[in-house]
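Next, two complexes with chain A in common: one pairs it with chain B, the other with chain C.
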Partner chain A sequence: MIRTLLAAVAAGGILAAGAAQAQDKIKIGVLATLEGALTTLGEDAIRGMQIAMKQANAKAGGKTIEVVTFPTNASPDSAIRGARKLVEQDKVDILVGPVSGSEGIAIRDYSKTQPQVTFLNGSSGAMETTFVTPSENFFRFNMDGAQWLAGLGKYLVEEKKYKKIAALAEDYSFPYTQLFGLTLEYCQAGGQIVEKFWVPLGTKDFGSIIAKLPDDVDAIYLGLGGGDAVNFFNQYSQAGGKAKLIGGSIMVDQTVLSSKGAAKRLAIGVPSAGPQADVWDDPKWQAWVKLYQESFPPDKRFTSPSLTGTAYYNDFNAVFQVLNAINGDLSDGHKKFRAGLAALELDAPNGKIKLDQNRQAIGTNFITEVVELPNGDLVNKAVKTIPNVSQMLGLDPATRQKIGLPSRTNPECKTSY
Partner chain B sequence: MSRFIERHPAWALVAILALAFLLYLVLATWPPGLEEVLGRKRVFLTALINGITLGGLYFLVASGFTLIFGLMRNVNLAHGSLYLLGGYLGYEFANLTGGWVLSLVIAFIIIAALGMVLQFTIFRWMEGQDLRQTLVTIAISIVLADLMLWRWGGDFYQVPSPSWLTGPVQLPLVTAVRSSGEAVYLQYPLVRLIIFAGAVVIGVLMWLALNRTKVGMLVRAGVDDRDMLSATGVRVQLVFLGVFAFGAGLAGFAGVVGGTFQSLQPGEDTKILLASLVVVIVGGMGSIPGAALGALIIGLAEQFGSVYMPTYAVVLTFVIMVLVLAWRPQGLLRGS
Partner chain C sequence: MAVEASRTSGILPASAPAPTAASSLPRYPALWLLALFLLILPAFGSDFVLIQLFGWTFILGMIALSLMFLGGYGGMVSLVQMTVAGCAGYMVAIFGTSAVAEISLGWPWWLAVVVAIVIATLFGTLSGALSVRTEGIYTIMITLAIASAFFYFTLQNYSIFNGFSGFNAVRVPQVFGIDWRAAVPFYYLTLFWAVIAYLAVVYVSRSPFGLALQGTRDNARRMEALGFNVTAHRIAAYAFASVIAAVAGVLLVWHGGQISPGTAGVGPVVDILIIAVAGGMSRPIGPFIGALIYVLLRTFALDVMEAVGLDGKRFQLLVGVGFLLIVLFSPDGVLGLWQRWHRRFLAPAAPPARGGVR
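Let's turn to the complex of A and B:
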């Protein structure tokens, strides 16, 4: 709310400054979840954006870059409200956001009604956003939720020897998408998913679900995030749970591993996968982590950047690189700018990223395990990287289309599709 | 009780049979046919006890809410913010001193003091103006939520509990019998049992204080007829101040409790406010036994819902609320 006010004041100031300068300025609107359950993710997204802005000195292609932020609360209507305000009132040229899955689908649809604006997805990971009816002016430089688990299925079967697992996940599109990616690979590799449990997003009390989890499986996959993940760990340790755990991409990321309390220690050793790993010996990644740590005091940031922080940093860098190449010229209805984005191969800290024909990222994925640092911090350590992960998930396009979209029951667990 | 049996013999029989069946479900070893219908006994038992303990937490929050409403007709929509603030303060103190019990006391005292300040500086001036009070409490909750976001950020906090409270205990309830004839007992988190015991103790003390003491008499008289009470020479503002402080303090207390076995984060304030609204609507606005019954029903509905019909668990509590509003709009335990 404070931020809304600040944004409003900033917007007022801009209006007062007059339209004469408009030619030398490029306005970028940013949507991030700064309210509600995903607040921590949104805050880190803003950090990523701020670092990229500072690095570029708020200039690209000879133009001054101006950022207007609007808070959302992870609901599609809050994202639409924010996008309308930024596009129709603040008249931004480019919009970066949102953070969360169903917000992304809503913004994709909204982008079709605003062809004069170029949209870059923030970090949202729903598959539909670019897989079904993609929008000409909507670009996504991060992979979707299914791509984020690429490699994990094989790793579980071959390295961890987990042949039979159960899944517990939140009941909305992002966890469906993640489990979709896991199921395809895990079942083709010979694993079995015996039971799936769905809980509402924002579940506080997992006590009864914990009692319902089966004992006769090798491990339990957890597709939770944020406060739900923390609550699960807390109550699972109170209940004396002993099963081996597997994490979805936001189950054991920095938002959860930096929470205050002891329950997160349950996460040590948990395998997971995602578009980045906190500890990876690649020099470019280490430089980014160092930059992140130096940019904010320790109590105002995570131990290392979260995936939303990295995603927004990448988005802004992509925008800046293309703007520099075309001298900031957006006067042709963004034609050159969009062609530049589509052809860009972004050398991001978390691996090379390029776009497919739907303007969807093809990138590098990481298999990780949670380890404890000597100072007690918990981090995700890369154990394996999977390059060139596309939305086809290793299947040929026809088969991939036939399987359809993720849902509670889709896909089934089969050894071949 | 005996009067109820005399007046409604059929309903009493149904209630007694239901109770007996529940006892059977809890104590007996389940035959295979029953397991097919209700799943494993461990799941059922855990859901049952979870529902009761969750009801304990809801009762702590809702009783303060309902007490304030009953006496002052003030729908305090900032109650959830007091809960969250209490939880954060409890976290800070528990982290600083390591004393969990002490942090409960301190959260109670600080939030009670805050409640006094609110009543003395704000609500006193708008007595009987429902709409204005409601809007002002919403404003306060928004201001508090932003202040808390500023101070504690969007992180997730858990109040550190002492080591003797963590981990499970074995309850003397048999969940299954192994083929060797060895009984398997139910493992249950200790912290939840302690919290439930605490809620019961507080509930009983509150009932005693309301029904057996002079101050309680004043409060009850105030609930029935505020104007007559003040006409008899009682300094009614002082009673209001005390009740508001106590109700707010309970919310802060509950915040620490909730922060121990769940977690604290932005948005928790509205969630718990919604839960306590549903609880008092079901139980009856202004009634302490009503808050207890409502909390129990909502807690059980949430837990059984999450186990037996996960897809509709969220709707279940609201269905109950709608049914109660349709049949007994004044709530289950409140005279019309």
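Let's turn to the complex of A and C:
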């Protein structure tokens, strides 16, 4: 019986390959992390996609939109396998995804071998994806990790008067990229980063690091995320830590702020930056938060949309807008569709987004501070918005190229580059 | 007999027949039909079926085959085989070319591949040397420890292994004017090496060395009394299995075009054990059957769940239940099911097989 079942599964899969593709249908493949450490972010990405699909009534440019999802586990291997299945087996026309950084680079490479498909990045934020050897048919409507800290450096020096800071971050590419963005701006504004501490991703015990944190600095930048961020807050409060803190884009997001325990009270007042703020008085943003909250019951969603939810929602809206404008015409290797995407100025809930010549987003960034709502919830409130943040990070292209890519040691802290 | 009992009960389920070399003869018509099917598959299979289903099956099957060789003929369940494959994949990326130009040395592909296989084989042999003096669960523990250590080392070492991001844009070379990255050539490449590995295991299992190895599995003490160096035999078995895993590792890095710590993380390491057990540890074809089931489940579980109206997010449930059912109904994997079915309907005259060691 089991063998029959398995045989049926196998046969079904192989036969589906031959199914003819109807002309009045456009297939979109979605890659999202539905297992492993980033599952909650992947699930919110799916919610963003579902809201956009519902809003458009699964139709765009006079054609029916069909979505096929594939689960990944945040490893590039799984992203490639998923993309292959969606592109080569399900024959999708457009692929949206993935969620995390290394996956994005792998999909960018894969997109070069599939010129007939148009790829939209989901929410992955590695700088290399579009900055080095970009792919003709890969579009990214979200900013990279370095852009996500744009504006924070100046804010720290000018408003907060933090002249000397130390940095503590996880030892992999995303925190490098974030610190890259912060260092360039903060050091040019006259700040100094005196020491950097790197901890492995998934660190449970911060005891020895907390003991080593210097006292003679104005604040400590924290480039942690998820469980690591929660663990750090708990242990730092138990150790009686008093230093002022600065957060990376995922240090004080909803996954951390909605966790249980009193230690997160340390987060109140922490400045941070990212591509969105939980509380922002822009009507478009508030309409999006309301739509998100009404679309799912409270136990099946976050308090407000996460940045993956917003990113996937934006991607689908970009696809729908362009398809509507060109009447769903994907002929001639998506020529009209790609030209439409490249020229699009997306009026997204988190600010206007357009693409540069590498098909990388130039968008709006938010400086935020954590505040406590009357009901005790902690949220990120927008204190400042920075429009038109590009991958050049305010430098001229030649200088920007010379600095290169983020690493543990790059860039150095200098007042001019 | 105490040694024998502890060994078989620790490694293979008691009812599973221990593999014997003679049973691997390709005398069944099914095997010839299978060979014909695999040879002409590119005539009607899509690129996806060729690379993503069968290419991946052959690669995982080879890695599981190296475990089957150690576990089935040598009585040593080694969880380090996926790590050996990962090590070979990393070496190809480090000595050959990748997008991480500051680390990759850019040697010609054939040199990089040979060096990768040699280094991975040394690594596997060394791991074997560390673990062969242990039995059963302790072998599993030691090899799992080596596998985890390798995973965390690659995750945190940036000067050689490039940490979390690993290496991307590792390309299959173009040789003899053929683009081996294209679907049909890559399919035949993986098929070729899978067949070579299969035949090598069949051959070695019937050679004096293979028979002696099966002797050490069944009664190490008696073999020692007969003058065989049990430890040396076991280490040699590790070396042989490592070569197979290393070749598969080279194909694996070419298949994905990249390698990162997650490729040989603890999850994939355990997956190889699941593949070998679900397929059947008694014959070299078992791991390939297990790999095919694994690949099909991993690829289509979400679609199947959604097709029957269940929440697609719970696709792991189907994967888990699938393997649970196989192991529950047949302790010797799919092979065991096949053998029982074969016995009942096709060869009723044959005497029922005895459990344990023949």
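By definition in this document, the second predicted complex is superposed on the first by the 396 of 417 C-alpha atoms of A that agree within 3 Å, B and C clash if a C-alpha of one lies under 4 Å from a C-alpha of the other, contacts with A are read in each partner's own complex, and residues count from 1 in each chain.
Note that in this section a residue touches a chain if its C-beta (ideal position, glycine included) is under 8 Å from a C-beta of that chain, and two chains touch if they have at least 3 such contacts.
Since the structure is predicted, the reported quantities are computational estimates derived from the model, not experimental observations.
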{"item": "A:239 touches, of chain B and chain C: first, second, both or neither?", "value": "first"}
{"item": "Which superposed partner A:55 touches (first chain B, second chain C, both, neither)", "value": "neither"}
{"item": "Touching partner for A:43 - first (chain B), second (chain C), both, neither", "value": "both"}
{"item": "First (chain B), second (chain C), both or neither touched by A:286", "value": "neither"}
{"item": "Touched partner set for A:259, first chain B, second chain C, both or neither", "value": "first"}
{"item": "First, second, both or neither for A:109, with chain B first and chain C second", "value": "second"}
{"item": "First (chain B), second (chain C), both or neither touched by A:205", "value": "first"}
{"item": "Which of chain B and chain C A:226 touches, first, second, both or neither", "value": "first"}
{"item": "Chain B versus chain C as contact partner of A:192, first or second or both or neither", "value": "neither"}
{"item": "Contact residues common to both interfaces of chain A (with chain B and with chain C)", "value": "2, 34-35, 43, 171, 200"}
{"item": "Residue ranges of chain C touching chain A (in the complex, touch as defined)", "value": "45-49, 51-53, 56, 99, 152, 155-156, 158, 163-166, 168-169, 256-258, 260, 262-263, 265, 267, 292-293, 296-300, 302-304, 312-313, 315-316, 322, 325-326, 329, 334, 337"}
{"item": "In the complex with chain C, residue positions of chain A that touch it", "value": "2-3, 6, 9-10, 12-14, 17-18, 34-35, 43, 68-71, 73-78, 80-81, 84-85, 88-89, 101-102, 105-106, 109-110, 126, 132-133, 171-173, 200-201, 407-408"}
{"item": "Residues of chain A touching chain B in the complex", "value": "1-2, 34-37, 39-40, 42-43, 171, 197-200, 202-205, 207-212, 226-227, 230-231, 234-235, 237-240, 255-256, 258-263"}
{"item": "Complex contacts: residues of chain B adjacent to chain A", "value": "39, 42-43, 45-47, 50-51, 53-54, 91, 95, 142, 145-146, 149-150, 153-160, 166-168, 187-192, 261-263, 265-267, 271, 302-304, 306-307, 310-311, 313-314"}
